[in-house]
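In the two complexes below, chain A is the common chain; its partner is chain B in one and chain C in the other.
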Partner chain A sequence: MIYREAGQFKTTYGSDQAIFPILQDRIFVGLVLVAAALVPLVADEYWLQAILIPFLIYALAALGLNLLTGYAGQLSLGTGGFMAVGAYSAFKLTTAFPALNILVVFLLSGLIAAGVGLVFGVPSLRIKGFYLAVATLAAQFFLIWLFNKVAWFVNYAPSGTITAPPRTVLGVMVTGPQSSAGVRYFVALGFVVVFALVAKNLVRGRIGRSWMAIRDRDIAAEIIGVRPLQTKLLAFGVSSFYCGIAGAELVFLYLGSAETLAFDIGLSFLVLFMVIIGGLGSVLGSFLGAAFIMLVPIFLTNAPHTLGLNLPVALQKQMELMVFGGLIIFFLIVEPQGLARLWQITKEKLRLWPFPH
Partner chain B sequence: MTEALLAVLRPFADIVSGPAFFVEVLIGGIAAGLMYSLVALGFVLIYKASGVFNFAQGVMVLFAALTLVGLMERGVPVPLALALTMLVMILLAFAIERVVLRPLVNQPYIILFMATIGLNFFLEGFGEMAWGANVKKLDVGIPDRSFMVKGVQINQLEMFAALTAAVLVTILAVFFQRTRIGRALRAVADDHEAALSIGIPLKTIWVVVWSVAGLVAIVAGVMWGAKSGVQFSLSLIALKALPVLILGGFESVPGAIVGGLIIGVGEKIGEVYWGPLVGGAIENWFAYVLALAFLLVRPQGLFGEKIIERV
Partner chain C sequence: MKVRTLLIGALAIALAAGPLALSALAQDKSIFIPLLVYRTGAYAPNGIPSANGFNDYFNLINERDGGINGIKIVFEECETQYDTKQGVECYERLKAKKPVLVNPFSTGITYQLIPKASVDKVVIHSAGYGMTASADGRWFPWVFNFPMTYWSQASAFVKYVGAQEGGMDKLKGKKLVHVYHNSPYGKEANPTLETLAKQFGFELTLLAVDHPGQEQKSTWLQIRRINPNWIYISGWGVMNQVAVKEAASIGFKMDHVVGNWWTGTEVDVIPAGDGAKGYKSMNFHAPGAGFKVHQDIFKHLYDKGNGAGRRDGIGEVLYNRTIINAMLDTEAIRLAMTKFGNKALTGEEVRWGMENLNITEKRLEELGMKGIMRPLRVTCENHEGNGLALVQQWDGKKWNVVSDWIEPMREIVRPKLEEAAVAEGGKLGYTKRDCSKEK
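Let's look at the complex of A and B:
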């Protein structure tokens, strides 16, 4: 009853090809955006810093991996490495050219990550499935090792860490210790909204369709004229671009300073979890998955306190691991297609409600 | 330019001028490789029979070792502790089949892969909760001394590990080729549906194969535990076994052994002779790059089944 497209006639090609063709969807997206813009007014520093900013950054990374794994079907475990490329190149760029706008620096470091992604995407032409997944681990370990070993990447800092220097955009402090969480939130929000729109458009156009053709059956796709070389490499490039920006944001907007440990294989798995729990091949799913994986550990950490239990720290950490692992298995069993599928089911139910027959 | 070239070529001269040291490095590499093979075997067994890439194999090794050490610390004699650990691993196989695999039949491979990562987290927390997280020493009476043969240093523990690996592979080969269950396992590996249609019980097969993988995990756990102590980092050897897997081929038992040897030897030689050139600590990625180079020539690994693509 609420969610029904009856009576919405498309009279122009433009409205037929709109990203959100149904009025209710447009209203919903508009409401979410307004809510996202109003959040800094109500949320306190802790919420912005510890939950919302990392959520937006991880959502961007998950979006990137989803384009590669969910749409183009290339399983990658090198996300952490590509994010590290973004972070370290952003650091090198902004320390070498301090006058350069930091937002431009983010975009440039995304491009550098895309270049590295292209290089490590080359084996995907020959290697498939799990062989490829393990091969992408080579990227992960090699890149982290490189950033650890070559002191040039950290400007010869003896601690081996990269620190976000203070940078302003239009007179507003965006990065560095003095920048306010609200500003950083808006920067992260801006990036993720723009690139989610780009992704949404990419996947419904020719490029996205060729990715899906490759994913579903690459030989058949090749026969009908999709070029595997360009298509796969483009997927690796675009995905790494997203991950690179997310990596740069992770250091500049969230952590403030980081070493290679922040980009280890655990990060790769975390982002992969977000994509799978959220839904493979769904832009919305990347956001839902990121929110879920962000919120569960926070919930698990706080749950015993709320219940009045006082557990030893070690025991609680082990319990968290167990519950986290158990939840992942549970979710995969209940809905292997992810949270995005649950949302779709809800929409279909709403369409019929309150007359299900 | 010539200097750089010389620096790259110098190790070859070192190899020729110091053959005893080279043999020592070689033996160290073979021993390390066999240790990787022990872990890789567990992956291969499960992948062969169920098509599941079991990421939790590394944690299963840790879990087995933790259980064994935990029992021995409580004063259980070694043979009984081993038997009890085997029982635990078999029970674990039953539980995994019932809780994780059965509800996920016919799901895409990536979902099953993710489920084993979930299992990985769960077992990690569970093992540490049950047996404690501190580093433990595992001593089941394997001698760990070094002796010299013609100027080459040889470690007894490494020899013992090599011997165990050889015995284990022989047993597995006989099990797969000569027994009724082994034949059923190969049938399931070949074609799930065809195996089902001629009356092979898939569930039993899965329990059997996860149990066998659990037993292999015990062997690997004992060897690695004796070498470097039982602690959390033991589960990370799974990451060392992955390049072995892709090099040897996911579904080949001999592949796991040969792959392990190539990786072990290649890694040791690379680390000892060429490592200092690039600042060392290359063991994290060298194996992967080595395996990748092989894969570009043979995408299915050395002994993997030929990938036939149809539309």
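Let's look at the complex of A and C:
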């Protein structure tokens, strides 16, 4: 009854092809954006710093991987490596050119990550499926090894850590310890909103369609004129660009300083799980998956406290891991296509409500 | 179908409400100290005794003395799994309770927290770990790493090797291998060892072991090929046990394998069995449960069933280390109270206490810690204090101290340290403060 498009007539091609063709969706998205903008007014620093900022950053990374794995069908385990490329290039760029706007630095480090992604994407022409996953795994290990081994990347810091230096944009401190969590939140939010919009439009257009054609049947796609090499490489490039920016943000907006361990294989799996649980081939799914993987463990850690149970931390952690693992399996069984599909089913049900047939 | 809907609904609510679930703020008449611990994961073997030490000492102060001058210590554990991201989450969560001081108990997490400390006005005490450069208090007023740093430790190790070889000049041409955890922690000692290798003419090989360190076969094959005279290990967690076992299995002379002070507790050597006999490690305090403070812990906590760990775990190397760490923290708070009054202190006030800390032999005796560590003095310039190192050896059953107190080569370490402080402080946009103006 509430969620129904009856009476909304599309009179132009433009309105028929809009990202959100239904009025209620537009209102909903608008409300979410307004809420996101108002969050710093109500959220305390813990919320911003430990929950929302990492959520936005992981959502961006998941979005990047979703373009590659969900839309173009190329399974990648190199996400952590590509994020590390972004983080280390941002560090090198901003220490070499301190006057360069940090937002430009993020974009440039995304481009560098895209370049690296292109190189490691070349084998995808010949290698498919699980074998490609192994090849990208090589990228992961090689890149982490490289950043650990070559001291130039960390400006010869004896500890091998990179630290986000203080940088301002238009007089506002954006990175470094003095920057406020609210500002960093808005930067992360801005990047995510812009690039989610870009991603949505990419996948609706010619590029996205050629990615999906390659994903569904590469030989058929080739016969109808999709060039596999360019298409796959483009997917690798765009995906790594997203991951690179997310990696730079991870260090500059969230952690403040980092070592290569922050980008180890665990991170690659984490982002892959976000994509799978959220929904392969869905922009919304990237957000839902990131929220699930990020927020559920934090909830599980805090839950016993709220209930007044004073469990030992070790037990609590183990329970958290068990329950979290159980939830992942539960969701994969009830809806193998991810949380995004659940959302879609809910919407369909809402359309019929209260008179289901 | 119903269950499914219910579960999904519950989860949606949980997602929204989850992080809100923060418990109430600490009381006014208490001092809050967060404990970042790791009782699970690859580093738990070392994390558990360490966490128990902190718990027991703070509980002892509360039980026996009714707190510090009547102000109770409130502490809360948070599990980090030695993971920096989880550590940051813990810190941010516990920050709401207004902590005055934090012991990150991980060099990686210390690096994360150093930039935050001065902004949040929380003292960081990384006792015997963390960023070596932060020992220059002029650049890092909020960070303390007494009683000693990694660099001082490494120089003490080289001095010990020199003494064993019969003089520093005998080091020429000797081969040393540093097996280190491939993280900021493990890498800390490298610059010092490299400097000393140049100065004394020994050959240094640096071999990294990747996290978590369960796989070291290739490293030890390489060591067999190099056939070094001495091996220095900077490990942590599972890596320690594996390294000691591997050293024993390649038949290396165990009394020429020396761990740093994070690579020499009971759980590190027991799995290697008899093979570990003769293995040495550095330390800055005595091992064993024979001190008066331990009797107090038995009497006030364990006899009443309030101990944090097992009774026989008391006196383990890491356990002793964290009760010393906790003692230094509480003494700094006590000192700050003499200046600011017996009340719940702020971070700034505790920072003053840390910076003017002076633990005398007499005070150690009053604390029941005579002989467990040396007197310690911290100043504004020197946040490392004047700690000395010693060497302990495993005899198959327990650790025995086998050396005198070793003075680190401060004349070599300190200038390097000040150089590094300029670089590290510069990265964070800090400026050097003038210590003569401090009161």
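Note that the second predicted complex is superposed on the first by the 357 of 357 C-alpha atoms of A that agree within 3 Å, B and C clash if a C-alpha of one lies under 4 Å from a C-alpha of the other, contacts with A are read in each partner's own complex, and residues count from 1 in each chain.
The working rule: a residue touches a chain if its C-beta (ideal position, glycine included) is under 8 Å from a C-beta of that chain, and two chains touch if they have at least 3 such contacts.
Computed from a prediction, not measured in an experiment: that's the story for all the values here.
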item: Chain B versus chain C as contact partner of A:D264, first or second or both or neither; value: second
item: Touched partner set for A:A135, first chain B, second chain C, both or neither; value: first
item: First, second, both or neither for A:R206, with chain B first and chain C second; value: neither
item: Touched partner set for A:Y46, first chain B, second chain C, both or neither; value: second
item: First, second, both or neither for A:V313, with chain B first and chain C second; value: second
item: First, second, both or neither for A:R217, with chain B first and chain C second; value: first
item: Touching partner for A:A291 - first (chain B), second (chain C), both, neither; value: second
item: Chain A residues contacted in one complex by chain B, in the other by chain C; value: 148, 314, 317-318, 327
item: Partner chain A, residues of chain B touching it in the complex; value: 53, 99-100, 103-104, 107-111, 113-115, 117-126, 128-129, 133, 239, 242-243, 245-246, 250, 278-279, 281-282, 284-285, 288-289, 291-292, 295-296, 299-301, 307, 309-311
item: Residues of chain A that touch chain B when the two form their complex; value: 69, 75, 123, 126-131, 134-135, 137-138, 141-142, 144-145, 148-149, 217, 219-220, 223, 265, 269, 272-273, 276, 280, 314-315, 317-329, 332-333, 336
item: Chain A to chain C touching residues, read off their complex; value: 44-47, 49-51, 54, 148, 157-161, 163, 165-166, 176-178, 254-262, 264, 291-292, 295-296, 298-303, 305-306, 312-314, 316-318, 327, 330, 334, 342
item: Chain A-touching residues of chain C, taken from the complex the two chains share; value: 4, 7-8, 11, 14-15, 17-19, 21-23, 37, 39-40, 44, 48, 77-79, 81, 84-85, 88-89, 92-93, 95-96, 107-108, 111-112, 114-116, 118-119, 131-132, 182-184, 187-188, 190-191, 208, 211, 420, 423-424, 427-429
